[in-house]
Amino acid sequence: MRPSGRESGALRAVSLTPGAARHAEGSCLIRMGVTEVLCTASVEGKVPPFLRGQGQGWVTAEYGMLPRATHTRGDREAARGKQSGRTQEIQRLIGRSLRAVTDMKAMGEMTVTIDCDVLTADGGTRCASITGAWVALHLAFEHCRRMNILTRNPLRDQVAAVSCGVWQGTPVLDLDYAEDSKADADANFVLTGAGGIVEVQGTAEGAPFTDAELLALLGLARSGTAELFARQREAVGL
Amino acid sequence: MRPSGRESGALRAVSLTPGAARHAEGSCLIRMGVTEVLCTASVEGKVPPFLRGQGQGWVTAEYGMLPRATHTRGDREAARGKQSGRTQEIQRLIGRSLRAVTDMKAMGEMTVTIDCDVLTADGGTRCASITGAWVALHLAFEHCRRMNILTRNPLRDQVAAVSCGVWQGTPVLDLDYAEDSKADADANFVLTGAGGIVEVQGTAEGAPFTDAELLALLGLARSGTAELFARQREAVGL
Amino acid sequence: MRPSGRESGALRAVSLTPGAARHAEGSCLIRMGVTEVLCTASVEGKVPPFLRGQGQGWVTAEYGMLPRATHTRGDREAARGKQSGRTQEIQRLIGRSLRAVTDMKAMGEMTVTIDCDVLTADGGTRCASITGAWVALHLAFEHCRRMNILTRNPLRDQVAAVSCGVWQGTPVLDLDYAEDSKADADANFVLTGAGGIVEVQGTAEGAPFTDAELLALLGLARSGTAELFARQREAVGL
Amino acid sequence: MRPSGRESGALRAVSLTPGAARHAEGSCLIRMGVTEVLCTASVEGKVPPFLRGQGQGWVTAEYGMLPRATHTRGDREAARGKQSGRTQEIQRLIGRSLRAVTDMKAMGEMTVTIDCDVLTADGGTRCASITGAWVALHLAFEHCRRMNILTRNPLRDQVAAVSCGVWQGTPVLDLDYAEDSKADADANFVLTGAGGIVEVQGTAEGAPFTDAELLALLGLARSGTAELFARQREAVGL
Amino acid sequence: MRPSGRESGALRAVSLTPGAARHAEGSCLIRMGVTEVLCTASVEGKVPPFLRGQGQGWVTAEYGMLPRATHTRGDREAARGKQSGRTQEIQRLIGRSLRAVTDMKAMGEMTVTIDCDVLTADGGTRCASITGAWVALHLAFEHCRRMNILTRNPLRDQVAAVSCGVWQGTPVLDLDYAEDSKADADANFVLTGAGGIVEVQGTAEGAPFTDAELLALLGLARSGTAELFARQREAVGL
Amino acid sequence: MRPSGRESGALRAVSLTPGAARHAEGSCLIRMGVTEVLCTASVEGKVPPFLRGQGQGWVTAEYGMLPRATHTRGDREAARGKQSGRTQEIQRLIGRSLRAVTDMKAMGEMTVTIDCDVLTADGGTRCASITGAWVALHLAFEHCRRMNILTRNPLRDQVAAVSCGVWQGTPVLDLDYAEDSKADADANFVLTGAGGIVEVQGTAEGAPFTDAELLALLGLARSGTAELFARQREAVGL
């Protein structure tokens, strides 16, 4: 029995609330169990210097955590004067994941900045961020269509993410904080609606893991993201 | 008629939701109209170096705004590597306001850090932060009582804040963003339950204001905070 | 009897020395008792990005303290790599106060940067900075007139500041460092020559203050600034 | 035919030069084709604060690139005042990879800091860093044994890394810079001598990759690291 | 004829005002022509970590320039968030120069921090800083003697500095800003009362200089510092 | 007998390896005994803002040390977030020394950035940097000639540097680390092929030095650089 009492292949309770941020062109509040991330998509009609004049767009992401999203208060990164390595790693991952399913040529010279801010943390915040960010991005693109800034939605596919781990020898889906801290190994999978792998990041905390375990985790992730894709479609009305 | 359609002495719709942050010792989500601030109080059993060994506690505050809390996206302070002057000014104000009603001797060697994070901004975020922070602080102290860390709640009084302004020659209560940007002058008042003035910060954006106007604004603030004090008492069950 | 031995409504000895900085377009060394602040105004023929092309000017301020301006040496902010919250709060206040009496349209696309550097600190440095800065700014504008860069002086009025406080229940004018650290409450008032209130910043360090005390402090400030306005006029030859 | 002319399963020419840094307790200059990384291991008789008094050691890593290691000069991170997200991501990966094969209890209270500095970059610098760092770490631990600071070498196994990618539909081993920039997907594998997976980081730059491709890349990585493990053993005289 | 009209071996008008900073243990305002530097010496009863427990003291220096000390306003280093290379170079030079004539064993575990802040700049600020700093340091040590913190003054000798340069082929003493910017070469000499060379920093801006020129500049510096030593002795009452 | 066993006028074994960095337009690995510095010259077709439109070029330098170039590991400046005062002083010196022998008008609007990175440190790294950097710069200019970017090499002369010191009363050439840390005084001389002095930086660590000693050190430096100039010519094929 895993600590959460869930079955090995069960996701936590998931909810995706579109439009949770009043001012953003697109937004989504995602809850995975206790974990809660507010994702917003902000549209700006220009691109970073390295892309200027190339007739294409850009999608980028920033990630943050409220100081008391966690069990004990963490430093406020703005007060400390720099983002941690972990924060930078996560925001780079979110950005890459969304760009993998976006037709940036179809965007024209426009930047969408995704902000993922963790209101409550209980494990899996980077995966929840990606899943929620896709909804925010989709809604922002739809907003641009309604404003006649875009003629079609540049998203080519869905993208969602989930973490899996090996807990006492058993592969399990969607680790919460208590499980994550005791797992032997864990892996985050970012998958597309069509079944492709966009990112896989596996890390053995204790014993290294085997090829068979990696495949088992991938299988769990595929079934978990199937449910997440359905929730994303509901949230954006597809 | 003021832009919001409210009468000159009317507050926006106010709600104070205690316990909005799962992990914090005390917390409150305050809404003043569209403005929404999550206030948490985190307790730590030590004091800053300048107070060590003096047998008293400390209350301090940090303030932040999600990048897309505003109409157009603002820079993330953590990414820019420093907090703006405005942010620092506000968090110093919140800290001073709470310390003014706290018996720091009664706390023992303990620090409470208040985090006020603006989820949605529509004017008056610093005042809403103070009003909500008092609730979070009260609840954190009650938590310490239940844990037998404190024998009594060190809060001596309530504290709440509201902004007032002169709009087309008329003093009005509780400016929203649209009103604030057009007001001739505005003033933030931090008042205690007993009626004392803890802080007053008045700034003439356009024409300087007169003594009579300052007094009129103070009168409005006193009636506005009376309502806020009632809401705070409800929120903490007093 | 207040610590300084002064009567409740007495300013410290004031002197304003125009032209104290050889290279600046305008400058003033202000002394309020022991407190000594060198104020310079530097003119540059362009405006910050947010104002470009709008045909108006800008006045901004920076504030600093020599490390040994104080009784014990403070950190050099340049060595520490950032300005404190207090410094930023003060320089924002100085800038706002001067802009409140400047016709920025009449400046054309020009920026005046005011530097207020405290050579000796004994309380009241932010107020002295504002009072001295007005002289420096006036002289810089006059310099621009002589150079035919401006046809008239864009200052619409004088502005000066003074701090007041409640000392053992008595409202007193122009706190020095020893008085400031023992006062129950203190307030800084920035007033115009015409009698308007540009800024009021009142803070209760100990017991909150009452409406009557606030008014009494404002009355003292008004009489104190009357004297400061006279000194400013002398300094600039009006 | 891949750009480098190598067969799909061929590594670049590899050389590992132990003792390349005169002052370090352990060091190794690794060359993978043109890529050249100097790895040093520095021993210090204390641990970071979060581990004090727990009787265990720590292994950590830092990574850097000489400004002109690359085809066009990059900014010097020390001059810019911060390490990029990429640098932080890589140095965290190197540290985790080495800790996965180190018995930190057997180290006692000692920290080994690995520095991986890229002298010439031509793709695969993070993987080369890990492979070379293991040699430097092994030599540093042997140095401690000779100095009677350790009674046995705390390394439990070897660890090495290699990048693989999908190039025009074909899985290929050990991408150089030209191949990496054109690959559809690439994955870095960190494997142990015993065959376990310590880290896998796969990223689809263009089209997402399939399960079969992931497995094919893993297979290539396993054969590539077999050769790297042999070279490591030669370099340390096992 | 040199630009300043002075003869080749003439110093500018020099004045050294001891006690110019009210709060510091020792201070001196030095004027060399238009150049004006306020030097303070602050005593603290502890030493930096690398000297703890060695029974000796430390003398260190910091240097700054008011933003409008110069003809056109320079950036405020505190606002920019770092000290320039030039500033760091100068403050290191001042510190080394003073330590060269201080018996640090005789100080006990005490640090004296010298602050040299340029109020007006017209060339030669680093040299003036050293000459003035010696007076401030001497006075601070005398203060410690009066307080019975020291039994004797730890200064072993005087130290003073002057810049010389080659102007249109002629070696000249004590360059002002206009001369400095046109000189072919200039050199700063830090000399002791006993005639020893503590520091020499010569730089050819245009044509390199010859051995003969270097010697000629050294000769001028020796005569110039003779006058400065006399002024220092007057200032401290020796 | 000096610690190194060398005669007073003997350089350490010197080698200059041109082309040591594969990607740079010009490069040189210089070894002076154990000290080892990699110097690269990177050409960019534009100039810094302060030179734009003046039809001349610029030569600038950056300096760094690998963390374990030294006997005990030093902090990585990129991780600490700033360059030390020493680093900045050295890179400014390298830049000035090279500019002194470069005809910047002959460069056109082009910048050459010299990077000097110390791989192994054993004293004299700033001097070795200058000597090696000249070779890298020469080769980069020759590269530009071959590419028809320049019609002639803008270097007017050679420049090389060596440190000398007074060791137990005897002037000696080319201090290594052990000698440097025990010398009474040391001086770095930057000389041109034609015999001119570009920079002299003498510092008395212990007793001040005399005019005679300064001249003796200069004489040693002249004979030492004669050998270095020969090696530079060999390295660039002159």
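Letters A, B, C, D, E and F mark the chains in the order given here, with residues in each chain numbered from 1 onward.
Throughout what follows, contacts are C-beta pairs under 8 Å (C-beta built on N, C-alpha and C of every residue); 3 or more make two chains touch, one makes a residue touch a chain.
Listed by chain with UniProt protein names: A, B, C, D, E, F = Ribonuclease PH.
The structure presented is a predicted model; accordingly, all values stated were derived computationally and were not measured.
Trainee: Can you give the shortest number of steps from chain B to chain D, where adjacent chains in the path must touch?
Mentor: Minimum step count, chain B to chain D: 2.
Trainee: Name, by label, each chain that touches both members of the pair chain A and chain E.
Mentor: Chains touching both chain A and chain E: none.
Trainee: Can you tell me the C-alpha superposition angle of chain D onto chain E, nearest 5°?
Mentor: The superposition gives an angle of 120 degrees.
Trainee: Would you identify the chain whose Cα-based centre sits farthest away from the centre of chain E?
Mentor: The chain lying farthest from chain E is A.
Trainee: Quick one: report the Å distance separating chain A from chain F, using the average Cα coordinate of each chain.
Mentor: So the centre of chain A lies 50 Å away from the centre of chain F.
Trainee: So how far apart, in whole Å, are chain D and chain F when each is placed at the average of its C-alpha atoms?
Mentor: 33
Trainee: Where the CA atoms of chain B average out and where those of chain F average out, how many Å apart are those spots?
Mentor: Spacing between the chain centres: roughly 59 Å.
Trainee: Could you list which residues of chain D touch at least two other chains?
Mentor: 81-82 - these are the residues of chain D that touch more than one other chain.
Trainee: Could you give me the chain order round the ring, chain A to chain B and onward?
Mentor: Start: chain A; next: chain B; complete ring order: A, B, C, E, F, D.
Trainee: Within the complex, which stretch of chain A touches chain B?
Mentor: 21-24, 27, 34, 38, 40, 42, 44, 62, 64, 66-73, 76-79, 81-83, 87, 113, 115, 117, 119-120
Trainee: Mind pulling up the chain A residues that touch chain D in the complex?
Mentor: For chain A paired with chain D, touching residues are 82, 85-86, 88-89, 91-92, 96, 100, 187, 191-192, 194-204, 207-211, 214-215, 218.
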